[in-house]
Amino acid sequence: MTLSPLACTLLAAKRRVGLSFAELGSRLGVDEVWVASLIHGQATASAAEATTLLEALAIPAAEQPALLEQLSTYPVKGALDPVIPTDPLLYRFYEILQVYGLPLKDVIQEKFGDGIMSAIDFTLTVDRQEDPKGDRVVVTMNGKFLPYRKW
Amino acid sequence: MTLSPLACTLLAAKRRVGLSFAELGSRLGVDEVWVASLIHGQATASAAEATTLLEALAIPAAEQPALLEQLSTYPVKGALDPVIPTDPLLYRFYEILQVYGLPLKDVIQEKFGDGIMSAIDFTLTVDRQEDPKGDRVVVTMNGKFLPYRKW
Amino acid sequence: MTLSPLACTLLAAKRRVGLSFAELGSRLGVDEVWVASLIHGQATASAAEATTLLEALAIPAAEQPALLEQLSTYPVKGALDPVIPTDPLLYRFYEILQVYGLPLKDVIQEKFGDGIMSAIDFTLTVDRQEDPKGDRVVVTMNGKFLPYRKW
Amino acid sequence: MTLSPLACTLLAAKRRVGLSFAELGSRLGVDEVWVASLIHGQATASAAEATTLLEALAIPAAEQPALLEQLSTYPVKGALDPVIPTDPLLYRFYEILQVYGLPLKDVIQEKFGDGIMSAIDFTLTVDRQEDPKGDRVVVTMNGKFLPYRKW
Amino acid sequence: MTLSPLACTLLAAKRRVGLSFAELGSRLGVDEVWVASLIHGQATASAAEATTLLEALAIPAAEQPALLEQLSTYPVKGALDPVIPTDPLLYRFYEILQVYGLPLKDVIQEKFGDGIMSAIDFTLTVDRQEDPKGDRVVVTMNGKFLPYRKW
Amino acid sequence: MTLSPLACTLLAAKRRVGLSFAELGSRLGVDEVWVASLIHGQATASAAEATTLLEALAIPAAEQPALLEQLSTYPVKGALDPVIPTDPLLYRFYEILQVYGLPLKDVIQEKFGDGIMSAIDFTLTVDRQEDPKGDRVVVTMNGKFLPYRKW
Amino acid sequence: MTLSPLACTLLAAKRRVGLSFAELGSRLGVDEVWVASLIHGQATASAAEATTLLEALAIPAAEQPALLEQLSTYPVKGALDPVIPTDPLLYRFYEILQVYGLPLKDVIQEKFGDGIMSAIDFTLTVDRQEDPKGDRVVVTMNGKFLPYRKW
Amino acid sequence: MTLSPLACTLLAAKRRVGLSFAELGSRLGVDEVWVASLIHGQATASAAEATTLLEALAIPAAEQPALLEQLSTYPVKGALDPVIPTDPLLYRFYEILQVYGLPLKDVIQEKFGDGIMSAIDFTLTVDRQEDPKGDRVVVTMNGKFLPYRKW
Amino acid sequence: MTLSPLACTLLAAKRRVGLSFAELGSRLGVDEVWVASLIHGQATASAAEATTLLEALAIPAAEQPALLEQLSTYPVKGALDPVIPTDPLLYRFYEILQVYGLPLKDVIQEKFGDGIMSAIDFTLTVDRQEDPKGDRVVVTMNGKFLPYRKW
Amino acid sequence: MTLSPLACTLLAAKRRVGLSFAELGSRLGVDEVWVASLIHGQATASAAEATTLLEALAIPAAEQPALLEQLSTYPVKGALDPVIPTDPLLYRFYEILQVYGLPLKDVIQEKFGDGIMSAIDFTLTVDRQEDPKGDRVVVTMNGKFLPYRKW
């Protein structure tokens, strides 16, 4: 699996300046996951947000216009190749879908009726929960319920 | 996409008795998502849990032994065919992985180091968040962080 | 490619009673495409709608309860196997996506911003447009625009 | 998913000159979707149309001949990789085919007989329908019905 | 690779009565390839044609109604599983597409412009050409040219 | 879908000199489809044929040796990626195989016995048949019948 | 991987009667590999050969007609599912193609020119070669060379 | 399908010097097929063998070290892309596996017991057998039989 | 993912008699993993071993002959569908191949030269290693090294 | 199958300096397999470990910073393309999963309960076992057992 050129450039700059995603997010006024999705070419920034990000990453002025254009253009989304990810951290989320997908569907539909959880009107956050037996990752997905329309 | 015979039988019984997953879960002392994953053949019950479930679903006594054996045997897990699900509710979770997978990986690794979120020492819950613009689905995944071992 | 048992049963009954999808739709108070999607197991009817449909199709009383349960249960959706359809009529819609998908994306995004056309809050109609050089099929898709949320 | 070099070049030029697809379409005397499909290498322009487009996009004279040749050569069509698109906007059209494909086939065939809607003698338009609950995307496909020939 | 139940039934009957496809075709007033495509569930017969075929094949009266309904219903077409055929005779046609597909496209487009050969307004015949070095199969495809529409 | 570098170079030269495939074929003493298959890297030319072609296409002398070597080396054949072509003109030939493949197999075997039509001792021609309702493409495949050997 | 019903029936009968493929082959006057390919539904027998085989396998008279029809009908060939075989003995032949396929192609073409080894006018035999370090399997493929035709 | 850079370089040199695989093989003291597999990056040479080969191919001294390293490093083997080869000569060997694979397995196992023919302790040769009806390709595979171990 | 009928029958019997794989193995004089592979239809037993197993599992006499034949026939091996397993326990072994496959190859080749570890002359054992931080699974694979033959 | 640029660079340097993986591992204080997995971009080194490795491999100072960054960044893991490996040494491990995967699962679950062997808290070693009939490869996998959590 490989990263896009945009992500490679911005992640290398991020390592050089030593800022975390949370610090970048607070400069743009957005969540750390959203700023990471922008860096991976999966979201669209306003010109102001893109400039703030490029400045925070200390991108040389000469390289900024091309990157600014990429960050503010609506991207063709979807970043995994092969389509079933081989990276172990990413695969676990695919495994959750394989093992808990149908139960999740049944519980959501029982509580909300026939419809879906939006992946567009949607937020995603990551928290660290301390635990003496080993800290835990807490991923929270929050999406608007959209009921099927009958016509 | 089709359901397993086990799930078809138990979900039909559930519709007949009119109990929710939450009500079934409280009888077994487990979460509603876990009981749904048991019904879909993705988890293993103790004999006591399996019997409680079959009684709650009013399964005739003659059919209970075969179902009890299925519910208490370690299953071969994974329930989606085709492997990229076509059901719109399920697909949204695959889409989240395509669009937000790499950002999620970067944020988790920045917070925890090289490793994964366990999908085994793991819980999954679904909540309904009221919202005047349309209620929202909140899915919370909570998994132990497992750091890569160096040897 | 094959049809589901539900669709086979209901389509055979429909041929026997000689009603069109439009006539069935008017009895249920819904569009002809929606009633066809119900028959193919891709939508959920209320008990009243399901009963109206089964009566209109002259389904024997003994067979009605099982079909009524299927029609009013939230289905696992998605009906094409193989996933790229081989039926020529269906394939043309896949071809439109291959040839005109990216242009469509660009035009929608230029008019609406970054987001999608909902396939849930969505209607689909088919009209016949008379034309001396050969009548034309007019397919109209109407879906709510959903802008990406920034968080 | 990535764009072709032709599309990258022309879309970047389009952003620089700030013209919409509709404005480009009116200069060529064609619909906005068709001009977008030309830019994505899915249609063939006459030399006059190609020149008009390149002038409108302010392409430097030195770069015009190569682009003019590409725009006026019959392309090898089909632009999605992977073949089931991962971009959420594009995927929704694939999902419509999965969920409403068989119903659509049945309704078209009931109205027209055994045959297909042409994707060649075909037009595609996008309209914005204002709606207080959120504006709606209206996609209209209009294709000649082609009946199967018996021989 | 397997045949559909419809094809198995009709081909077994055909072997029993000992009629060739050409003889069946002449009874229905159609080509031998078309009658074979009907038997394989890839075309639709009128009630009269279906009855003529079933009589010619000496199908018992009790079995005729179900077969007549199948033969006169618009089929979901496409009969190869796996999608790249493993049968050597069928594979050769796929190989011709792999090896001569792009040359064929170029020659057709040079002679006709941008468009396609219709596979709907289309006929297909098979002839035997005697040759002292070994007889030859002559397959003739004849389809209407459909030019792309500009809009 | 993309073309090989060899095909791109030779097709661009062909457009510059303005010769048709038929004209190129007559210079080499071969059919227009065969010369197109040579240009797409699917056939092998003698040194004399390759030189005649390169001269006809006005390829500069400095570039001729490398191209001559490519044209006269036995190629690794097969040119479609993805393996089921997305180009609408090419796809129609795949669709013919899906819809008419098994009928074709049955008719060929009924006329010739168990065996195949050779795709090696094989010719392929394209003709234009004038028709007031729209001209027609006639594709003729002519291959030696090869019976299965019993041993 | 599973066997066809035809092969299951005939192989079970073969185990009951205790005859080897070589013994069956000598009764039919054919090679042991060919008789095995007939039993797996990959070749066509004459009525006399099929009867000899069924008698040798002691198939009850009542079951013979259906099996005789299957053995003497031209089969749809190709027997591996999934298409890349998982059985280790079969996989080794696929591995030979992966590792030695291109070398084999080059050597054959160097000796014979552009063309193929026929898999139709073809024989295949298996011999046991004694060797003190472990006996060896010798597989010999013998196919007519077919040169590409230029037209 | 494309060749590796190593194979392209060495095969071009081979054409320039005009040596056959058999002649190269005799200089290295190995079979012609083995030397072809070395050139395609599917086998490992000793430094002496690699040097002999590069000298025989008249590779300039400056280019020899890099090629020598490649030829004497254990390669990652397997050379076909796509995995089911589209080249007709190569495909025939895949077709032999589809059509004669299970018969071959049965005959080998009947003669040797449960196990496999090794593709490692293995040789492969190609011979030309003269035949007035057309010369024949004889491919001989010779591999050690390896019985399954029980433990 | 589903189990074969053979495995379902034998595993249900094993649960009824309450014997472990190790206990079954000691009755047959083989390892517990080998007896499990026999039950899953991936190995061949002698008639004596098969009878011992069926007796140990208390299979009724009437059902023994059919099972005995299955257990002592050389199976078509390979049991995973889909080919990349979705069961989390099984997937981890695939993941080990994705992440540690190339390192493993390099270390084996550095220690042994160009060749493979046999999966035929091969044993596999599972041990439990007690550990206060959580017991550990120890999987030991032991296969004969097979060097590539040069010829 | 190809290697990553990182692996190509480091493996070429390793050949030049002539150190084994075991020697490199002892310099870093880690196992030889782990150092090989680092070189293949499947593990993360500390800055000190990365520097030690680059020095041991005699990488020129100018090239060290870029490589050091790659070695100490959390990689996107998974290195096999195509996903079912074609290299014979690697394939054998996939074959072990196909043939012995379900038996392994059953034995592990019988000994440990429902859960998995971790591939994260995991070590992998390779040993050479001398054997007069041919030395043997011993691969030992050691992973923490993780029981499924019920909630």
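Order of writing sets the chain letters: A, B, C, D, E, F, G, H, I and J. Residues in each chain are counted from 1.
The rule we apply is simple: a contact is a pair of C-beta atoms (placed from the backbone, for glycine too) under 8 Å apart; a residue touches a chain by one contact, two chains touch by 3 or more.
Predicted model only: the values in this text are computed from it and were never measured.
Trainee: Can you give the shortest number of steps from subunit B to subunit G, where adjacent chains in the path must touch?
Mentor: The least step count works out to 2.
Trainee: Could you compare the number of C-beta pairs in contact for B-D with that for F-H and name the larger?
Mentor: The comparison resolves to F-H.
Trainee: In terms of CA centroid distance, which chain is the most far removed from subunit B?
Mentor: Relative to subunit B, the chain with the farthest C-alpha centre is F.
Trainee: Between B-D, G-J or A-J, which repeats the contact pattern of C-E in over half of its pairs?
Mentor: A-J
Trainee: With centres defined as the mean C-alpha position, give me the subunit D-subunit E separation in Å.
Mentor: Here subunit D and subunit E have centroids separated by 32 Å.
Trainee: Quick one: report the Å distance separating subunit E from subunit G, using the average Cα coordinate of each chain.
Mentor: Averaging C-alpha atoms per chain gives centres 29 Å apart.
Trainee: Determine the centre-to-centre distance between subunit A and subunit B, using the mean Cα coordinates as centres, and give it in whole Å.
Mentor: Roughly 23 Å, centre to centre.
Trainee: As a quick test, compute the distance in whole Å between the mean CA positions of subunit D and subunit J.
Mentor: Whole-Å distance between the two chain centres: 47.
Trainee: Which subunit D residues touch at least two other chains?
Mentor: Residues 3, 11, 33-34, 76-80, 83-88, 90, 95, 98-99, 102, 105, 109, 115-116, 118-120, 122, 124, 146 of subunit D touch two or more partner chains.
Trainee: All pairs of touching chains, please: list them by chain label.
Mentor: So the chains that touch one another pair up as A-B, A-C, A-D, A-I, A-J, B-C, B-D, B-I, B-J, C-D, C-E, C-F, D-E, D-F, E-F, E-G, E-H, F-G, F-H, G-H, G-I, G-J, H-I, H-J, I-J.
Trainee: Help me check something: in the complex, which residues belonging to subunit F touch subunit E?
Mentor: Those residues of subunit F that touch subunit E are 3, 7, 11, 20-21, 32-34, 36-37, 39-40, 42, 77-80, 83-85, 87-90, 92-112, 115-119, 122, 124, 126, 128-129, 131, 133-146.
Trainee: Where on subunit A does subunit I make contact in their complex?
Mentor: My answer: residues 84, 86, 88, 91, 95, 98-99.
Trainee: Quick one: which bits of subunit D touch subunit E in the complex? Just the residue numbers, please.
Mentor: Checking each residue of subunit D against subunit E gives 30-31, 33-34, 43-44, 74, 76, 102, 105, 109, 113-116, 118, 120-125, 146-151.
Trainee: Name, in rising order, each residue of subunit C that touches subunit B in their complex.
Mentor: My answer: residues 69, 73, 76-81, 83, 119-120.
Trainee: Taking the touch rule as given, give the residues of subunit E at its contact with subunit G in the complex, in rising order.
Mentor: Listed in rising order, the residues are 1-3, 11-12, 15, 82, 84-90.
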